[in-house]
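Here's the structure, in structure tokens; my notes come after.
Chain lettering (A, B, C and D) follows the sequence in which the chains are written, and residue indices restart at 1 in each chain.
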Amino acid sequence: MVPAPPSRLRLGPDTGAAAIGFFDWQWCSDSGAELCDPARAQFKECLIVLDCLLDDQPVARVPYAWVDSTVPLLRGFIQGMPKMFGSVWLTRSFPVGRAGVQRQPGARFTGTTGAYDRRVASAAVTITEAIGDPPPLSDRPLVHTRHFPAWHPGEKAINKLVMAKTSNVEFSDIWCGEADLYFDGASDGDLAALAPVEIGQGYLFSYSETLEPGQRI
Amino acid sequence: MVPAPPSRLRLGPDTGAAAIGFFDWQWCSDSGAELCDPARAQFKECLIVLDCLLDDQPVARVPYAWVDSTVPLLRGFIQGMPKMFGSVWLTRSFPVGRAGVQRQPGARFTGTTGAYDRRVASAAVTITEAIGDPPPLSDRPLVHTRHFPAWHPGEKAINKLVMAKTSNVEFSDIWCGEADLYFDGASDGDLAALAPVEIGQGYLFSYSETLEPGQRI
Amino acid sequence: MVPAPPSRLRLGPDTGAAAIGFFDWQWCSDSGAELCDPARAQFKECLIVLDCLLDDQPVARVPYAWVDSTVPLLRGFIQGMPKMFGSVWLTRSFPVGRAGVQRQPGARFTGTTGAYDRRVASAAVTITEAIGDPPPLSDRPLVHTRHFPAWHPGEKAINKLVMAKTSNVEFSDIWCGEADLYFDGASDGDLAALAPVEIGQGYLFSYSETLEPGQRI
Amino acid sequence: MVPAPPSRLRLGPDTGAAAIGFFDWQWCSDSGAELCDPARAQFKECLIVLDCLLDDQPVARVPYAWVDSTVPLLRGFIQGMPKMFGSVWLTRSFPVGRAGVQRQPGARFTGTTGAYDRRVASAAVTITEAIGDPPPLSDRPLVHTRHFPAWHPGEKAINKLVMAKTSNVEFSDIWCGEADLYFDGASDGDLAALAPVEIGQGYLFSYSETLEPGQRI
């Protein structure tokens, strides 16, 4: 489903640098109405991010994403960030209790993604240190291809390179530590090509953004 | 499914005092193993609690509970606290962002419960004040009836009154404020009998416990 | 989300004639591969169909549809038939047993649709007679608006009127009888406008089609 | 969770003879009320059956079962046939269409079971011949252990051997053919012990029963 990226976009200097992220989202539109019905306002997401250059600007690209709710699935399709339906789970942090897993040295956080009875990926980080800077690739502008397939004979598909725009970006409570990553690309040849060859550090952080209209590039 | 409570148990002095609670749980057994697979370690629960007396001891009883996961559903059945399967959602609190809904005066938190395409209950609290004491009924021992139905002819059902035991109880970050409650008991006559006649304050809090073996009473 | 229909399309002569259908689908692409993984090959759908004219040709239009799987949800979006995620259930027919509900006079079949803890619609038909012709509106060409929203400033949304094309259409085992319809449009003003004013007959049938590329009109 | 079987029960003469079955159920209580709400009346089940002897009577025993609905999950627990929650899917048969997969020579039917992002088993049969007799093990009485764990100190768990009783048993439209079986027991040591060493024929059939109270043995 992901069309070939236009030629202004290419892999970054550290070829193959990539990240997998697991996110527990709560969102609302300007009115805040969705927050009154948390079944609408929450979803979980896993996405893979590749280090890329747009001309000479460091950017990132999302070849695969999974969400467990259809509103972000369709929203992503419209933005140029198509997503697949999956089950995504993350260890959460609560202020009390043995199972509370608070953000402190030695705590271990896991994210998992599955689809169609297959665990596609799971990752864990044992956090050791609070840090100040956002994790690699997490603050890069995302370059997407807005794709709308042709449907009637003679029609041409839409394939437009766009840069996602956000405002009000905040990072908070960023930790790092040693990471594990299990990855099963067997269900999909393109996904298999993204299997990790080396595992770097893992990170844990809170993040917020306001999604703005995209920018044609 | 809930058998008649034995006669040592009766409604409390403030007849009809009750609460509905919505919980986002993360749990583990002694080994902590479940935390490495958050799909197993997390569930959401809604329960109704009634103010009762066991002889002269203030206790509480849970006539209805819903969970969105089968391990706590069966665990509850074994404990004497049968639960139904439902969808339960709660507004969450994140440290950043317009949709983060942090615990501060004026923030509004909602819980919802549904089953079989019907919203059974939703409640919201707009928190105004941090307080020191646990909400009413939240720290009462629960009195359950362990019920195992008869299955073969001549067998007698088990109906044993037990008190749930917990240790390591912690409350944290308790807030109160004005509450709304929507309640739809139409799907079930016994549930309809619990429809609220007056709505008191709402509360928001963090809580943990270790579940211990029950106590025969 | 549904843009205003272009002016060649208007309500049919029997203004307000409409149907609601509930479908248990099994599908495959040309290779048949999906049939080996029934989790992919099956979904359930509810859709509302309105009697319309395209110029002077009797057609039908689908203002609302719900599916319980994301592949048909996205496929519909691309075809110009956007769908919402919901739970859809239909009484099934099995060749044996008291609960088998076979297609014979007096048998009662129910379809239900829900979303976000709300039952949007349920309909039932008690079949009395096998008939030869497809139900009203069931064999009309569908006219959709392929809609792809604008995303970057200055962009124009795509809104193209298309006619859905199918081949290999088969109807089988068609029955009719008296119908009930419960409909709750409260969640959505446009949906509320479709509330039934009169309930006609209900139908039960098997149906298959091959989906072909659309036709620009 | 499955306690050791009492000694009157032992493996059958063809040690290790076993079957895995996938079922699409529709059920109702005496009133038939559930059929009006198919979300309640339907579930899918996978179960493993072992060839056993009770004293000298050929019986079968179910060491593992998965269902996708909580009513049969709890009903099974009460009967002595505990089940786990999982996703179960089966190729269905429709009277029309390329994806209809009718029961005729060469048609291929698949069943799959998964839990916690893992496909536990999938089996397929390419049917070649209609036959008259029920498949091996499918018509054996099931011997269960009704188990209710101890919960308060000093209590003894219940472990009662019971024979499941059914009436109104009907088999219909039985076919056989070559079978494939994929089995992944890695999530559970006891389950791993049931991995197949040899795959026999596969069967496709319709079946109904009325569940009766059990018989103490």
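We adopt the following convention: a residue touches a chain if its C-beta (ideal position, glycine included) is under 8 Å from a C-beta of that chain, and two chains touch if they have at least 3 such contacts.
Predicted model only: the values in this text are computed from it and were never measured.
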Across the interface between the identical copies chain B and chain C, with over half of residue numbers shared counting as same and under half as different, the residues used are same
Relative to chain D, the most remote chain by C-alpha centroid is chain A
Per the C-alpha means, the centres of chain C and chain D lie apart by a whole-Å value of 34
Chain B to chain C, mean C-alpha position gap in Å, rounds to 40
In whole angstrom, the CA-centroid distance of chain A from chain C equals 34
Multi-chain contacts in chain A, i.e. residues touching at least two other chains, fall at 37, 39, 87, 112, 114, 116-117
So, in the complex, the side of chain C touching chain D is made of residues 24, 26-28, 32, 34-39, 41-42, 87, 89-92, 94-101, 108, 110-112, 114, 124, 168, 170-173, 206-210
Residue set of chain D touching chain B in the complex reads 37, 39-40, 69-70, 73-74, 77-80, 84-85, 116-117, 146, 148-149, 151-155, 158, 162, 213-216
Per the touch rule above, chain C residues touching chain B in the complex are 87, 112-114, 116-120
